[in-house]
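Naming follows writing order (A, B, C and D), and every chain is counted from residue 1.
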Amino acid sequence: MRWLSVHPAVELAYLGSESYAGQSMNSVYPHLGRVNHVLRRFEPTEVAGAADVAMLAVPAGHGMKIAPRLLESGVKVIDFSPDFRLKRPEVYQRYYKAEHACPDLLQEGVYGLPEAHRKEIAQARLVAVPGCYPTGALIPLLPLLRADLVKHEGIVVDSKSGVSGAGRTSLELRYHFPEANEDVTAYNVATHRHTPEMEQEIGLAVNDEASVCFTPHLVPMTRGIFSTVYAPLSDDGRTTKDLIECLRSAYASDPFVVVHGEGSIPHTKATAGGNSCHVTARADERTGRAILLSAIDNLGKGLAGTAVQCMNLMFGLPETTGLEMAAAYP
Amino acid sequence: MRWLSVHPAVELAYLGSESYAGQSMNSVYPHLGRVNHVLRRFEPTEVAGAADVAMLAVPAGHGMKIAPRLLESGVKVIDFSPDFRLKRPEVYQRYYKAEHACPDLLQEGVYGLPEAHRKEIAQARLVAVPGCYPTGALIPLLPLLRADLVKHEGIVVDSKSGVSGAGRTSLELRYHFPEANEDVTAYNVATHRHTPEMEQEIGLAVNDEASVCFTPHLVPMTRGIFSTVYAPLSDDGRTTKDLIECLRSAYASDPFVVVHGEGSIPHTKATAGGNSCHVTARADERTGRAILLSAIDNLGKGLAGTAVQCMNLMFGLPETTGLEMAAAYP
Amino acid sequence: MRWLSVHPAVELAYLGSESYAGQSMNSVYPHLGRVNHVLRRFEPTEVAGAADVAMLAVPAGHGMKIAPRLLESGVKVIDFSPDFRLKRPEVYQRYYKAEHACPDLLQEGVYGLPEAHRKEIAQARLVAVPGCYPTGALIPLLPLLRADLVKHEGIVVDSKSGVSGAGRTSLELRYHFPEANEDVTAYNVATHRHTPEMEQEIGLAVNDEASVCFTPHLVPMTRGIFSTVYAPLSDDGRTTKDLIECLRSAYASDPFVVVHGEGSIPHTKATAGGNSCHVTARADERTGRAILLSAIDNLGKGLAGTAVQCMNLMFGLPETTGLEMAAAYP
Amino acid sequence: MRWLSVHPAVELAYLGSESYAGQSMNSVYPHLGRVNHVLRRFEPTEVAGAADVAMLAVPAGHGMKIAPRLLESGVKVIDFSPDFRLKRPEVYQRYYKAEHACPDLLQEGVYGLPEAHRKEIAQARLVAVPGCYPTGALIPLLPLLRADLVKHEGIVVDSKSGVSGAGRTSLELRYHFPEANEDVTAYNVATHRHTPEMEQEIGLAVNDEASVCFTPHLVPMTRGIFSTVYAPLSDDGRTTKDLIECLRSAYASDPFVVVHGEGSIPHTKATAGGNSCHVTARADERTGRAILLSAIDNLGKGLAGTAVQCMNLMFGLPETTGLEMAAAYP
């Protein structure tokens, strides 16, 4: 809402909500100041008449119920749910414990990571916004895999996330301030649902099956994901310089990826409130491993920012429209 | 820089810096992404040829040295230093322990609080951006004083500030993360330099001398100031409803002041990264006191945001230009 | 539990719990390590046979139900609920919206602030542990009132509390980490239930009726309360030195009150995890007000620490037994 | 000081300090309350006459200068500096850029990790307190290596540390509250000085050379280190149950190691202010890796707590003496 309400090419045509129907945006979210559109109980047929594109900020299982109806009526869909991210219905079923409702649409849906699928997104009717963790891990990893600087076997992804990733409705004890503050812990070890997204996109990059050992952690901050990716160097001679040059070359014209050189390291703080992804890489020649580092705002580049970026691509707008403002450092 | 670099009516003509001369903005501040202007050692004559207005982000004592030269050469000045805030040179000297270098310019300079001096700012060549604490205290207080709902004797201002108010160069122990985190303390008790600004503006509002008992506190967050202002109710019959109606009426057409009603309370979080000020008031009839509450981002409405707002006014632009984006909640 | 489990004179005879009956302490609270006593559904008759004293960590309304039965069977009671803090049943009813179940016991119960009622506590069968806010406000205030250095009319108490004061069971949105982190707000403005405790104890000190204007705030930390108390100086000549000398003299032999001089200020961090209260005072001669500052750990001196201290007094133990360990700075 | 000042078998005989000589402990560290011993400029000959054991809280390079003189005069030494941790002088020189001053004492010094070297510590004159990161990584790792459940080739250690690890004297920008708060970053990637400690102890456990890929991270909290260790499972059939049983068996009688089962995960918060280490393990059978998790307080079990534990062992005291108090949750 923060980005859409000031986006020069966007008119907010329809705001649906189950929980807050009948209330105005700024009474539910006072930070929005004078954005006082009234939320309505969601009615797909009303959207069809009102909008060119729908952004679905819904949980798993709801995207695949709503998207088909909107697409049929000519509304493009940008889905925040995980329902159209995984190309294989059986993988979806394994991780989400539910049969996929429209496996054929799975093939049409585009994985909405502009850094990997910019052209397909521009052509798409249906875009699946990637998970926040895969975005952070894949942006530094894909170019190095494609350039064969690192191997795709034996990849470890260790991510550190702010607590806002939990959303606003899950008032569990572990997100209670006195519990989460001054604490670090891991969760969903070896079982997190974002794992198959990483494996799918790595597999596509190297044209092979891939498996990833992924551990997400909760750290005591609101926004931000810092990912540390360990991948075997493909060759003993690979240096930090090689890795960074590859990243610089891959992202030379990408407006939102900032590549740090040998003397500089990404910080999540440099991304908070914006749509950037900061990355760098180091070759640990002693142990034969590349160490890739990335920082994003889990609610920015990790979710809503990428959604707006995809929308810009889908409608032929300059990719940065409405997303130009820098992070709110410090 | 975050606001100016995307402001539609601004061209960054000249960036001066003593500490970082020769470096690019984005190497010093990576969050700025692609804003790669090179910083130059400050040379007033160069500014004169290049710019219509200069924003001086300098410490006390430097504004009054630089501003006269810029004004003489036809450049308007928006000064972040405290040098042109206090109208009486002797008060400046008492609090800043230095003689004022240009007391005549003091009278011309306008106290840059748009909520109090919108018209004067629009006409000004020289604007002094207010201190962050006075901004938070005065916005809820001035309308109630003018409407005679509260008295100006016996006012207590108790403010809670995030640590970014200390700036980036004062690496003192008290701002070291392990010290400031999980800690609250008070500082400059009964002696803070922002006190006379409050007293001056209150005095102007009621056309009398005023004294304020002010205590600033440090709380463990980066951005934000929450101010709690205690003022005697002018009359026993005054109710919370009266106070809130007065605030609503005073700020009905102000784009950046959000007035909360009886069921809602300001939060600093709703202002972080934006230019808004959230306020409300309660009448404590048992003790005969009004309790006024305000929340701002000390770096937004408390400093840089107000500076951009003043610039808009000085150049006849819509007051909200470039400042429309909401706070980065959560 | 942290203090009791290592207290040299304490044997944990009976641990009752409604929510966790049947579980062991260290499975519910892993930080307790090897403290593996099993929690039992609370049964007062069992306590009578097992214990000399009962600590009731129960909400409002439950202390007055349980305490009489325990007292009858010869068990002394230290009650964390507010039920025995207020001497006047009608005040209890006004603030807690319930009739008091045993108004006669109200008179026998002792307000468990050792700094004010050390002797009565040593003689008591029933002690009411004070609220955390009153503890922080009263410790610096009472000696100055008794010495007539400040007046009891027009007192303002502005307190800043960490979020652990909310307890572990109220998983409300406002305590959700992404909401409470990087935020300051006020709550229960002019209506907080701790107000009458302050008024009662101030009234006792000056032998008059007293009213207090009290505003509690939430700040983004786990533990700690910082209180800023504004009281009119009784006489224009009163200085900071007078105020500090009075505090030093009053607490010269108190083991847990640390009085800071003119060059030093209390920090909540210096109290975290311990039972100390740090205080100081400043005379703002310009405005005729004393500004008193205090820092406590809301779960230490503000609750459990004071409870253990009262227990020591009730059983003739040295007051510091089991409470000697310093705060866990930083 | 917090532990020593209440340790029943300790008398504080001599407190040396270069920075604070002449001041009292509680004026430098107000949280210590009434611990008012005066600090003296350090003079080894005075220590010899006064103490049985010296704890050296000094930086790299100073332990090896001071320890020999104390040992000669019959004082046992517990050294917090890294000077006696690494057995090979050439490794010390590579990482600390200085020649070792007394390589023969290196062989006598015992690596002070009670969980690995309890018996040697009990016999030692000279104990080197381990680095905080190695403590967190080695406690879960060593038993699994010794039991051949995981392999020692290809180990990755990813640690997340609170900022207090930086100490109190390094007031660098990166530890300034507004920079470190709401931020995660990595530092000393592939070059951290704690790496060779891990490699030495792993090598000892498996009687082979070992190399570790180690990345330390800064997270926005004061105390705590959470370590995530990735090690190849030695055999495809190894399960989570196998790993946890091995840890439980290894630490069955260890008073400070808490092993979490399949339904529970370590949290740094459960260790803050205490001397415990919480660990668990998971087998990621899909990727053939064990994921080991550990939580410590970097200033407790990660430094001062272990030092006190070693002292207890060196003097034949029960290992837990003075260290019984639980962490200060929440």
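The rule we apply is simple: a residue touches a chain if its C-beta (ideal position, glycine included) is under 8 Å from a C-beta of that chain, and two chains touch if they have at least 3 such contacts.
From a predicted model like this one, the values you see are computed outputs, not experimental measurements.
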Most remote chain, CA-based centroid, reference being chain D: B
Chain pair with the higher count of C-beta pairs in contact (B-D, A-B): A-B
Cα-centroid distance, chain A relative to chain B, in whole angstrom: 36
Geometric centre distance via CA averages, chain D-chain B, whole Å: 47
For chain A, residues contacting two or more additional chains: 162, 164, 168, 178-179, 181-182, 220-223, 267, 269, 272, 330
Residue ranges of chain A touching chain C (in the complex, touch as defined): 162-164, 166, 168, 171-173, 175-182, 220-222
Touch list for chain C against partner chain B, complex: 154, 156, 158, 160, 162, 178-179, 181-187, 189-190, 211-213, 215, 217, 219-224, 226, 228, 230, 265-269, 272, 282-284, 286-287, 289, 291, 293, 295, 330
In the complex, chain C residues that touch chain D: 1-3, 5-6, 26, 29-35, 164, 168, 182, 222-223, 255-256, 258, 260, 264, 267, 269-274, 276, 278, 324-330
